[in-house]
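The structures considered in this document are given below.
Next come two complexes, and both contain chain A; in the first it sits with chain B, in the second with chain C.
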Partner chain A sequence: MKNILVEKLSLWQLFILIFIFEIGSAAVVSTGNDAKQDAWIALGVAMIFGLGIGLFFHFLLSRAPGKNLFEIFQLCLGKWMGGALIIMYILYFIYIASRVLRDFCELITSFIFEQTPVEFVAITMVVVIIYMLYLGIEVMGRTSEIFIPYFFSFIIIIGIAVFISGEMEFTNLLPILGEGIKPVVKAVFPQLLTFPFGELIAFTLIIPYTSEFKKSKKIILLAVFASGLILIYNAILQIATLGVQMRARSNFPLLSSAREISLLEFIERVDLIVVFIVMYGIIIKVGVFFYGALKGLELLSKRPYRMHVVPLGAIITFLSVKISDNFAEHIEEGLIVVPMFLHIPFQFILPLLILPILLWKTKKSKEGRE
Partner chain B sequence: MIILVTFMFCLIFCASIGVITVFDLYLYNQPLLTIVKANVSFQRGTSQWMIYSVLLVGFCYSIGVDYRVRKNKKTSKSS
Partner chain C sequence: MKLFGSTFLRKKNKNRGKSTEEELFQQQDITKYYSRQVDENKKHLGELFKGTFDFKCESIKIGGLKGYITYISTMINKNELSNRVLQAATNRQTDQSFRDMVEMRELYFPSIDYKVSKNFHQVVWSVLNGEVVIMVDGYMEALTLDIGLPQQRAISEPSTQTIIRGPKEGFVEALPVNIQLVRKRLKNPRLRFEVFQIGSDSKTNVALGYINDIVNEDLLCEVRERINKVDVGALLDSGNVEEFIADKSFTPFPLVYNTERPDSVCGHLLEGKMAIIVDGSPFVLTVPTLFVDFFQASEDYYQPFIMASFVRMVRYSSFMIALLLPSLYVAISTFHHELMPTQLLISIQAQREGVPFPAVIEIMIMELSFEVLREAGVRMPRVVGQTVSIVGALVIGQAAVEAGLVSNVLVIVVAFTAIASFVSPIYNFSIATRLLRFVVIFSASFMGLYGVLLFLIMMVIHLVSLRSFGIPYLAPVAPFRPKDQDDVFIRMPIWKNKKRPSYLYPKTPVRIKDQYKPGPPKPMGDQR
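And then the complex of A and B:
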């Protein structure tokens, strides 16, 4: 392999990337609707499982230090079987990146640029992501360092502003667990577990490139915990402002909540703050999945991933539009097909199947060394 | 392989179309050909020409990359 640059992310950059990635599109579309007014509890439970998922992925990587998930596949299954699995993961990452991009395009064309075609929004976003990835994952990390204060403070400010506007009705959160634990369980399995927490699988291609791998475990846990808290905060904000029915019906509940802000009859229509949060979240999320797919192509083609950035970006743009004809179809696919046929196998089943082989192989090599 | 980037581009593109076709088949129970046609064909009167242009740019770029790699290989061999 020639001209392949070794990139290093600092732990702080890793924390920020995971934090923004987890909030990303989960903050935009309504999550945990099955749990109704207990969606925030469901998110809390899912966050605890998310910590476990993070630990599992870290454990997988720690068995073969310095290797990413795809290299582990090749180590365990050999060149051809491993290669086939890598291609499947590349397709998975591309498909999810396209879906996430479509979420943003729909938001923009429904609320902000109503006359602008979805295609144009998709192309402009992908151009930005292509440029960022062409310069490397380090650039994405450094850019995130710049934007994180705005990202974080805007999320908090929206909640405070809605509260001061007097639009929050905390009785909407009652009764707590009125229908028992069943709706919460239904919301957590498999939906909240796979989206957003299971999507951490994409980070198995980034974590090996952190400056201090040993310390990355704590960082992953911290980032998942922090993003889980923000998602709970968001869910409480949305339920208290819109109510259960309105939240379930709204395509973009955070945006609908932000539209209720009216401070001193002067500060109104702060939609742009939400759009900023969503836009940056989507850039990072698409970027991370895109990077995952690129690392797979790099391994298979033995060429630097930068050579594949533009062609793959073109495919993601194309798919984001062709993936569904309208937003209803897009959501239907996201609720029915994606969790069962994509998320669960690729996030849990395949890594779990690989684990015993990895343990056996690494044990064998350890014994050999001894 | 000399045309690796172009090959990968075509492979990933075809496989991705395959993936979305399978999902549409599962959800809508329409004939396979109808779904493939809807996923690949260009709908006139829409702005879809933009994404087809981008796809063309991606394809041309991958050919360009392969050409450059081949040229570099030849130069290094001759020197």
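And then the complex of A and C:
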């Protein structure tokens, strides 16, 4: 009984979290523009790689059951080297969390409240996230359980509503692979691979605490697959509605597409629905990165992570405002600098470097036991 | 991670019924010693009840021996006293002698419920409880006769949870009557009631009822423990218990369910919950309580299930309306004009033309005056009710619009909100919407729809973090349990409802085993 009632993240909650996390900001900011009208194909290819990434992270964790990524670092590299790596990851997570937060602030200030300063949006959002994380990761899971029906159905409904409004031009999708495979490859690597799929790295700090770790592999794959489908659906919707040129120029193509909706001469301007989707997606996304950073601090400081929630939240708020002077700079950094110099090393290179050491260590410990 | 289970350590039977009569008066410096000399006892009692007009200690002769009959005259049924006790004691032809009190009772009062009190505390306790105590000279014990309480309020229809179809009995203030109302519906030997005496001054009887082969043992221990921890001077209503045993006080959502309906209590007991009945209160608590309980009326189970499911949907949506409608009005008319179709926008803005206030002030004025009206309506004498409703409807509604203080649309918004907030079957659930409505109006007034969304997400985070006796408040939706969905948003037909809710971890998870589905009889020739 006692064990039943101790809350852990259930598999269903893990599925929802990954699903919302993947869709989160990726559905809203324009992704895969290099592939032009084939952006959806690029997303499909990226999704297949995403499945592989998910498998890789799960394999990494399954070598040392019950340990999260940071504990694995300490196991492999020792206290000091591992600690240094953890600090780097904490900084990385904080930075990504504030970038994601900034995406949302820009959306709000450029579409809804044009006069409102970015700081205000950032602070209010972080207050919500702090409250959520302070109550624990299970609260985040359960909150998502409440919102997932709305989140999911709104995304689907937007597409149907645009279609019924007669704003879709499926010829926009043609020609399929007109310029060969090259633009698709360019879009997939490195951009789509790292964002949104590579960002699963943050879940290496959550998956070890789910109720049934063994079954989580299937759940990860399913969630990546489902979110990939939704992203493809989204890309088709955006390209068909806006056309390649408009989509590339629009900062928030989903919002622009949703503005085309006009039903019964009554349902118009459903911005609120999109804002809700984005808002919740961003809360989860920032929350997961935030949680990753907190877990690292918990490990290093040996104090419960709740102690660090408020100060770290303040840092994320501050960073999200100060990270770039304007939106153009923000996007430019996000598309060019961050994938190459942050995402690739932190999501792939470092874990890959760790892997042989981990294999050697776990093999040794297994032999030792025998 | 906060380990919830730490409070759930098995404390089997340790805390069962702490307060026995002997312990009750220990702190009050009353002697425990019951003397063989009745006069001495009488003296003690006289000192204790000094200056009380209704305390009676009259001497009688019983079996040729000197004795006293002691009671509080306002607490007993006087007819019963003279007919059954006094007559039997005095009209006896033979002065038979008896060995002890039990034998005496067999001789003189064979038809009356009795108890033998061996110490002085028990005597005092019995007198206070409206029982008649007979003390006879030369015996080490006193005989306590329970001749029933004076007239109680008759069982009547519940005033807060009225229904169209279904049993119309409601709980009353007397504990035994309330227990009887539950017992006669559930003829199960495993239906148990434990009694606790709570309150250092009031010594109120509190009964904890449960069905032993359904309820989860650990939950039961937890509830027992919490009831025992209640430390209060006087317990005047079950509301006092509620505040002590809830998991959290700083929340607008009620974490303990209360009802006046015995059938509703029975339904909860059968699901594996526990009932807490407080003497003197017609409101019975059931725990653990979930959010969805407040959207289920007992009538749902007596109406056709399609209708009941529809009504449930209406309840959920009116909860959202009561919570959000005014703030949506504020947000849209202040920040998001583009969200409204042009025609509607023009007509709303045209009405607001002459209104001198911003939307938020306008709506605050109306909401606050409605709250005043509502409070006045509850507390005022019934005689002046008419006046207030006329003044309210005319002055606040029509005149305010005509004077150009508020717009017509706003009156519609406020009125609809008010009606929607009454839809919840349990009155105290609307407290949550009443309070939070102001928070969300405030939030919408300077953050628009973004503020409303922020508020909603905050509210859901708060809701999922709540627990009632360790059970997540939003179960079975979050954490999601597919098997328990048959009685949440829609009600499945009764013959399909074979399992008890698994989030309560009942001992016997299945109600009935065999699968039965109603259908027409098989045609005569069709003997396959």
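Note that the second predicted complex is superposed on the first by the 363 of 370 C-alpha atoms of A that agree within 3 Å, B and C clash if a C-alpha of one lies under 4 Å from a C-alpha of the other, contacts with A are read in each partner's own complex, and residues count from 1 in each chain.
Here is the rule we use: a residue touches a chain if its C-beta (ideal position, glycine included) is under 8 Å from a C-beta of that chain, and two chains touch if they have at least 3 such contacts.
Here the structure is a predicted model, which means the values were calculated and not measured.
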Field: First (chain B), second (chain C), both or neither touched by A:280
entry: second
Chain B versus chain C as contact partner of A:113, first or second or both or neither: second
- prompt: Of the two partner chains, chain B (first) and chain C (second), which one does A:176 touch, if any: first, second, both, or neither?
  reply: neither
- prompt: In the superposed arrangement, does A:269 touch chain B (first), chain C (second), both or neither?
  reply: second
- request: Go through the superposed model and pick first if A:13 touches only chain B, second if only chain C, both, or neither.
  value: second
- prompt: First (chain B), second (chain C), both or neither: which does A:314 touch?
  reply: first
Doubly contacted residues of chain A, that is, touched by chain B and again by chain C: none
Statement: The chain C residues in contact with chain A across the complex are 1-5, 8-9, 216-218, 335-336, 338-339, 341, 447-450, 453-454, 457-458, 460-461, 463-465, 470, 472, 474, 477-480, 505
Message: So in the complex, the part of chain A that touches chain C is made up of which residues?
response: 1-7, 10, 12-13, 108, 112-113, 121, 124-125, 128, 131-132, 135-136, 139, 141-143, 145-147, 265-266, 268-269, 271-272, 275-276, 279-280, 283
Field: chain A-touching residues of chain B, taken from the complex the two chains share
entry: 4-5, 8-9, 11-13, 15-17, 19-20, 23, 26-27, 38-39, 46-48, 50-52, 54-55, 57-59, 61-62, 65, 69
- request: Using the touch rule from the top, collect the residues of chain A that touch chain B in their complex.
  value: 87, 90-91, 94-95, 117-120, 122-123, 126, 297, 300-301, 303, 307-308, 310-315, 317-319, 321-323, 325, 329, 332-333, 336-337, 341
